[in-house]
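Below, subunit A partners subunit B and then partners subunit C, in two separate complexes.
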Partner chain A sequence: MPDDANRNVPKSHRFRKQGFSFERLIRYFFASNAGLTIVILVLIIVFLLKEGLGFFPGYRRELETYRIAGLEFVDISRKNLTAHEQLVSLLNRAYYAEINGRSYQQLRRSEEAAALFNAYTDQTGPTKELILNSTQEGQEAQPAMLAVLRENYEKQRAKALANLPATPHLSAKEREEIISALRTRTPQATDDPALVTRLAEELASTQARHAEPLQAFRATIDSFESASADLGSAIMEMTESVTSTKEALQNADILEKDRRTLLAAANNVDDPAEREKLLAEAKAALAEKPDTETPMASLMERKPDCIRLHEELAKSSAAILPQLPKSLAQGEADRLLRTAKKAWPVFLSDLSAAPAKISSWTHTTPVPLSAAVVSFLTGRDWITGGEWQDFYGILPLATGSLMIALVALTIAIPVGIGSAIYVNQFASPREQAIVKPVIEFIQAIPSVVLGFIGILVFGTVLRELSVMDSLQWVPGFPIEERLNIFTAGCLLALMSIPTIFSLAEDALNNVPSAYAEASEALGASGIQTTFRVIIPAAFSGILAAVLLGLGRVIGETMVVLLVAGNRIKIPDFSAGFGVFFQPSHTLTGIIAQELGEVPLGSVHYRALFVVGILLFVVVLGINATAHRFVNRATK
Partner chain B sequence: MFDPEKLIRKGRPKGHIKEVLIRSLLAGTTYLIVLIAVLLFTRIIVDGAPAILSPKFPFVDLEFLTAKNETLHVFDDAQGTRHQLAASAYSRYVAEHQGENLYNEQTFSYSGGGIAGPIVGTALLTIGSILLALFFGVSAAIYLAEYAKQSPFIHAVRLAILNLAGIPSIVFGLFGFSVFVLAVPVLTSDPSDRSLLVIPLMIGNYAISFQGWNSSLMAGCATLACMILPVIITASEESLRAVPQGFRDASLAMGGTRWQTIRKCVLPYSLPGILTSSLLAITRVAGETAPIMFTAAVAAKDDLPWEGLSNPFGILSSQVQALPYHIYTLAARIPSSEYTQRAQYGSVLVFLILVATLSIVSMVLRARIRRKLKW
Partner chain C sequence: MQATLDPKPSSPAPSAEVSVAIRDLCFNYGSSQALKDITLDLHKHEVTAFIGPSGCGKSTLLRCINRMNDEIPGTRVTKGSIHIEDINIHDPSVDVVKLRRDVGMVFQKSNPFPKSIYENVAFGLRMRGVKDKQVIDQAVEESLRSAALWDEVKDRLQESALGLSGGQQQRLCIARTIAVKPLVVLMDEPCSALDPIATAKVEELVWQLKNDYTFVIVTHNMQQAARVSDRTAFFYMGELVEYSDTKRIFSNPRVRKTEEYISGRFG
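Presenting the complex of A and B:
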């Protein structure tokens, strides 16, 4: 369109308006609105940086306190103690898994019988209490009321008996026996039905019988467990002294900050008297530098002691390893035992490295700013609000986000692209008219609704499926947590399928029809045309669809917040496929969960903004790559 | 002899079975999605229907839709009858039956009464943010479609739109929190301590203080508006460009100014398209939780937004309940039991019906516009 300036109108012509005309004003108004998008984007970047960048100096100071107060020194020993505890718990779990695995039938039977009984007591419990209350001694019996109560009790009983859980491991006769016991059970009865008790006894005796051959194993575990007692008590003593030093340091920091605020205020006040007052206050707030040297010196005196304890623990742990059984009969127990054995050399080498670390540690090593950055990006712990020390390491969150994205895309890519190919290439117009609106409609489902479905429906269904005997061959089954990476991944797959579908379908649509015609003219079949001609031609568009789907999955908040299980821990990769059935936390979820609870301006608050910056950069990077592919496709 | 029959291949072509297999596999995945979608809706409808239907005329539980949200009290009276009462009804009951003992009392937060508060809050948030986004978005789109030429500015605008569209909603939440809740300027007589900058005005002791709007309807609307601005701009530009160039040329040829042309010959014809696509934006705004979590939404509120206000503008600076946030609270913050099911599934069903209606209407309208507008 020709601009005003280019028109061939004489300067003196009366149609030619000079300066700011109404038309110009309108034009500038619209232009400024278009510029608003740039302003918003700049504001987002500026404010994220403004709130986030203060994180690194603040975190550096926290890490410095951590070192000066000696917490870091204690953590060298504590890390080994925790590793020891984990090994003990692994062995214990292996032990009980072995016993329970051997008495699996009895265990399930007892559990199912108890479940029947519990379903009954849960339903009738409140009414039973009422009856017992009104027939207690000292209360006047009211026959009319009691009759109503009894009638209610019968109603509840009928309801309970109609909704009993399934019991695949009990024979029909046994089930009938329990049910008939429940049918005639009086409200006053206190002992469990006979069969429930008998099955529990049966289980206990079977477990005792299977524990017999494992006695040596038990003794080994116990002796291993008691090996760390001395180290544990030494750590306890050191902990007390270092936490008090840390508190003193933190208080001094707070006072110093107050003083700076007062000084700044004093500079802004014009009235000399007022200024004097503020300066005096500031002087009063001047904190005494807390004494860190004396407690540190006494901590350093413990160095030889700590080294000795470590060496002892290393010696006894090395002696334990050959005493462990070679293998266990039950799959789960054997897996746990093997995991423990695999972790053993690592544990031993950590133990033997500890003395060197302990003797070379000094509290005077400076903490550079880069240490805070490295600790944030590669830290394996995200611990906040604890009494010991806060750590902001995003690895557990990033692994959670990535693994959920992996599950989601593994499902969504084949399904989304497959259905795009089908709808675009093979479906009749009528099929298209059904499928397209449905998928568009899935896109319209709010994410919080999907999360709700995940919590109340999908998670429970998955859990029930996973305990079924016929599905035990699936790796990772039975799952322990209802809400886990897999559940979140499935729901996110459902969310990203529409994105991938519609973009991939567009890409297929954009392939010139001449390609298909040429291919068919050469005698290629429909499948050959689709897979050898159309898809390669649309490939970069499809890749862009996948990337945009990935961007959507990584950035999604509500579903993962509700469904991922929110456990801040790097998933245990030694569990094989079971790793996908562990709960986890995510980059987006942590912001949503914690931002509402942190004090404004605190290091934790700023850490959440840095996580936000990271998300922003990652998602924009993914989208930018995707748009590159789109542009290449349209060229 | 030459036999033409021999040239025609008989029977099934080579690889036919493979072809059929691949086709049915692809069809299978497609219908798997449809099946999952259908299962989801059936499940929600089946579980949610008892909450919002009633056996009497008008067959909808109006109380659930119009009552305020309250805590649910569940208890047995001395006769063993179980009562489920919302907090206000419960206190009335206790007042009427003084001296009687109640047994097995349990309380369930957010599960009693109805969902009037969340519905109203979501409506206000949606309307506010859509009005804002439509105003700025359509204006921006007019510039892009009618005035703009290739220039670095336009390039930057397009890049900004593209990037804004990709930002995760939780980052918009952070942005809204740090900008609208904590930093935008307000006119006030006593600036807060954490104000970023105070500019004293010489009128009274008023000052412009950059201290933000706190968590409020305003802040929520502004955040949501920023979030859907790119959607609205893209959709509006598309429908503006769909108006044939001839309309503009004719108007300009008759001596109309650029603004007259836009106002009389372009906007009226593109408006249906703009509004239809903004319906889709509404469904997105209504469903978002992350951006309003810190900027506007509150889990429990006794009054509807307009109750207990001294002036009508107070509604803008009050916090609101919102349906998606309410569902989040019901799903994540309280343990699920048979007494909370009505609130949980009921809210989800109502919400889903709202969203479904909006998106179906927009789909139908879009189809009609496509059929009707053939220039």
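Presenting the complex of A and C:
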């Protein structure tokens, strides 16, 4: 009725809306809570971006200094020198691996005998020192004290003899001989037990005997090693000059910053006298622009010299290759030799490309912003706080994170999904009641606790296992580092199993029971129903479980920081499967480790924020994909 | 109308071959008795309808015939037996998986697998280890034709079965069941979620297929029972009240309870 449209409900009427209602208040309370979380999330993102995005201009400036001061020029040669050093080291390792491999029996025998003796000296050493001190100094030795010391010495001896290590390569007689020598050994004795010395001599002579046929190889290595001597000293001279240029540039930067601060302060001061004073100070701080041209000119004069040295090294290196032995008898030695030979062509082509690079290099080429981005994303070095030049390349960190995630998922996917399938499909209610809470309980263990279990138990056990003779067929054994990608991966697997298990179990549970019923009514067995109907129907949910597990693994910090070994280097993939037993650093670990120590606002500080942004984006992407799968599964 | 309490089956067609023989069957859910001394013969080439109010035990009896009740914890047959081809199906030496290959089942709610139409029909054969593609192709086409679905789906066999309409899905489930040529087809209220047109199609289908199978259909729909079945069994409170020729039950039931139920006085 149009007439009524404008008429209000009378104030006193019971249909009249009340101005304030308790219900509304409650509504606003909850709305504000929800709103707050969104505001905080937005603030976090804004903060991350604000701190992080300043990184690229700053890094660009550093790379510019790197070029203007000539460090980049020196690095062209230095890179080849390093490659040369690595080849030399590979060959040396091959040489010693060959000798030690051939003298394996003698090596183990000597090591074991020495281990017996060491166990004894470690235990009795401190007491022995005390006895020697109190008898040696010429002063009247106190007999009472000496007696106590001697008694102690006997006690330590007994203890040491009770805890001697195993010696599988020594005969019982030989072991007995060493033990009896230790049993009668006096504190004053300085010679090693006779058999220990004899075995060491035996080893030395065997090694010498095996070195005999390898003499040519040895000489080749030596001549290769000395081939780079001239290039090395040239690089050293250039290094000195460019470092001082860089320092001058950096100092000028600092002065300039000071001056700006003073000027800004002067602008904010009202008192004219004070302002004059500050302006004068700012003027004084005005640095003269450091002279980069003169040292650069002298650096450029070295170009022909550098080129000549490179050509010489290339020539002698090319001549060395055919002189290397075709193969070596010991597996490890041969592998190292083959690795070196494989690296040779790359090394030679780098060497021959160097002269062109050197002659075309100029310090005036501008450094664009994209160079900083590319260097960050694809840089193979993460070097900070160094004297030479800082590099922020995330490749070694990303490789570490990915390899650890690979190990973790390789273990966690079969275990997590397998147990989910078992619990959901085959377990009796009693088993379910035990297994489910136990697996979910793992999640309750704080990651730092898992971390030190990893260091103390897992790392040590793995190390002990890896030196056992019967396990030497495992690639990568014996391992050099107790803390490595594999240990971190195993612990992260343990941490992600509950995530994968719970979500995969949910996914299996969400499969409508009508499917199972239909399948059974069609005469499918339990196993057939599980694998042909239930798992395919739950597949996207299981995939989501795996992705969320991956997100957990990538984002986990504490365990990797404690257990991954924290070596910032791209693992050496030439080691085959052994690559998984190398230490590594991760994207998360680097932030946790370095953020506390960097100066606020520095390029390094901002670099860590960019790593954080990267992690944020990656984990967000993984989770979003996972949720897409979950939604598809529940639809 | 004679009020007799004799639940024994009258045998209108003595020539019909007995396919499933149920004798004195008692069945418990935990401690509550769901079926009491059921004795009943199901005949080959006939459709038998089970009717009765909710909770009367008709579905339970149906699920006893292919032992689907085994999956529910706490259930057991306490007395009596079910014989299919003279084999007691509750004998411990019976492999329930093999039993179900001969006793197919269609459920109340259509439940095709989230696979293609083709794979749904082929599922039973694949589970028996049939690998020959030609054999499977032929069986799929034959079953879909029998289920009067072939013309509707022949061009989209590889599409997901979940894209079919409710009626088509239910017919697909029937096709899936008969693809493996079972002896008995059990249908648990197959039309309760379908519209009248889809229901009519399913009923027609049952009527056409009954020459090859023994059909048992549980239904709440009196007209449906009257339309599709040859015999009707009326259950009440776990007991078989009356079992006889469908025509006779609907025109002249012998038991007062049956008459009351059929005429809609309770249920």
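Keep this in mind: the second predicted complex is superposed on the first by the 606 of 635 C-alpha atoms of A that agree within 3 Å, B and C clash if a C-alpha of one lies under 4 Å from a C-alpha of the other, contacts with A are read in each partner's own complex, and residues count from 1 in each chain.
Here is the rule we go by: contacts are C-beta pairs under 8 Å (C-beta built on N, C-alpha and C of every residue); 3 or more make two chains touch, one makes a residue touch a chain.
Just so we're clear, the structure is a prediction, and the values are computed from it rather than from any experiment.
Look at where subunit B and subunit C land on subunit A after superposing the complexes, then choose clash or fit.
Fit: subunit B and subunit C sit side by side once superposed on subunit A.
Report the partner of subunit A that touches more of its residues: subunit B or subunit C.
B
I'd like to know which partner A:V423 touches here: subunit B for first, subunit C for second, both or neither.
The first partner, subunit B, only.
Taking the superposition as given, does A:L48 touch the first partner, subunit B, the second, subunit C, both, or neither?
In the superposed model, A:L48 contacts subunit B only, not subunit C.
In the overlaid three-chain picture, which partner chain does A:P512 touch, first (subunit B) or second (subunit C), both, or neither?
A:P512: touches subunit C, not subunit B.
Report for A:A521: first if it touches subunit B alone, second if subunit C alone, otherwise both or neither.
Only subunit C; A:A521 stays clear of subunit B.
Regarding the shared-chain residue A:R532, is it in contact with subunit B (first), subunit C (second), both, or neither?
After superposition on chain A, A:R532 lies in contact with subunit C alone.
I want to verify one number. Taking the Cα centroids, what angle sits at subunit A between subunit B and subunit C, in steps of 10 degrees?
Rounded to the nearest ten degrees, it is 60.
After the superposition, what is the least C-alpha distance between subunit B and subunit C in whole angstrom?
Value for subunit B versus subunit C, nearest C-alpha atoms: 5 Å.
Both subunit B and subunit C contact which residues of subunit A?
525
Considering the complex alone, what residue numbers of subunit A touch subunit C?
Subunit A reaches subunit C through residues 512, 514-515, 517-525, 528, 532-533, 536-537.
Under the stated contact criterion, what part of subunit B meets subunit A in this complex?
Residue list for subunit B touching subunit A: 13, 15, 18-19, 22-23, 25-27, 29-34, 36-37, 40, 43-44, 76, 78-82, 103-104, 136, 139-140, 142-144, 146-149, 153-154, 156-157, 160-164, 166-175, 177-179, 182-183, 194, 226, 229-230, 233, 257-259, 280, 283, 286-290, 293-294, 324-325, 327-328, 330-332, 336, 344, 348, 351-352, 355-356, 358-360, 363.
Applying the document's contact rule, which stretches of subunit C touch subunit A when the two form their complex?
66, 68, 71, 97-98, 100-101, 104-105, 107, 109, 111-115, 123-124, 126-128, 173, 176-177, 180
Hey, which residues of subunit A end up touching subunit B in the complex?
Within the complex, subunit A contacts subunit B at residues 1, 3, 22-23, 26-27, 29-31, 33-38, 40-41, 43-44, 47-48, 50-51, 126-127, 129-131, 133-134, 145, 148-149, 152, 414-415, 418-419, 421-423, 426-427, 434-435, 437-442, 444-449, 451-453, 455-457, 494, 497, 501, 525-527, 551, 554-558, 561-562, 588, 591-592, 595-596, 600, 608-609, 612, 615-616, 619-620, 622-623, 627.
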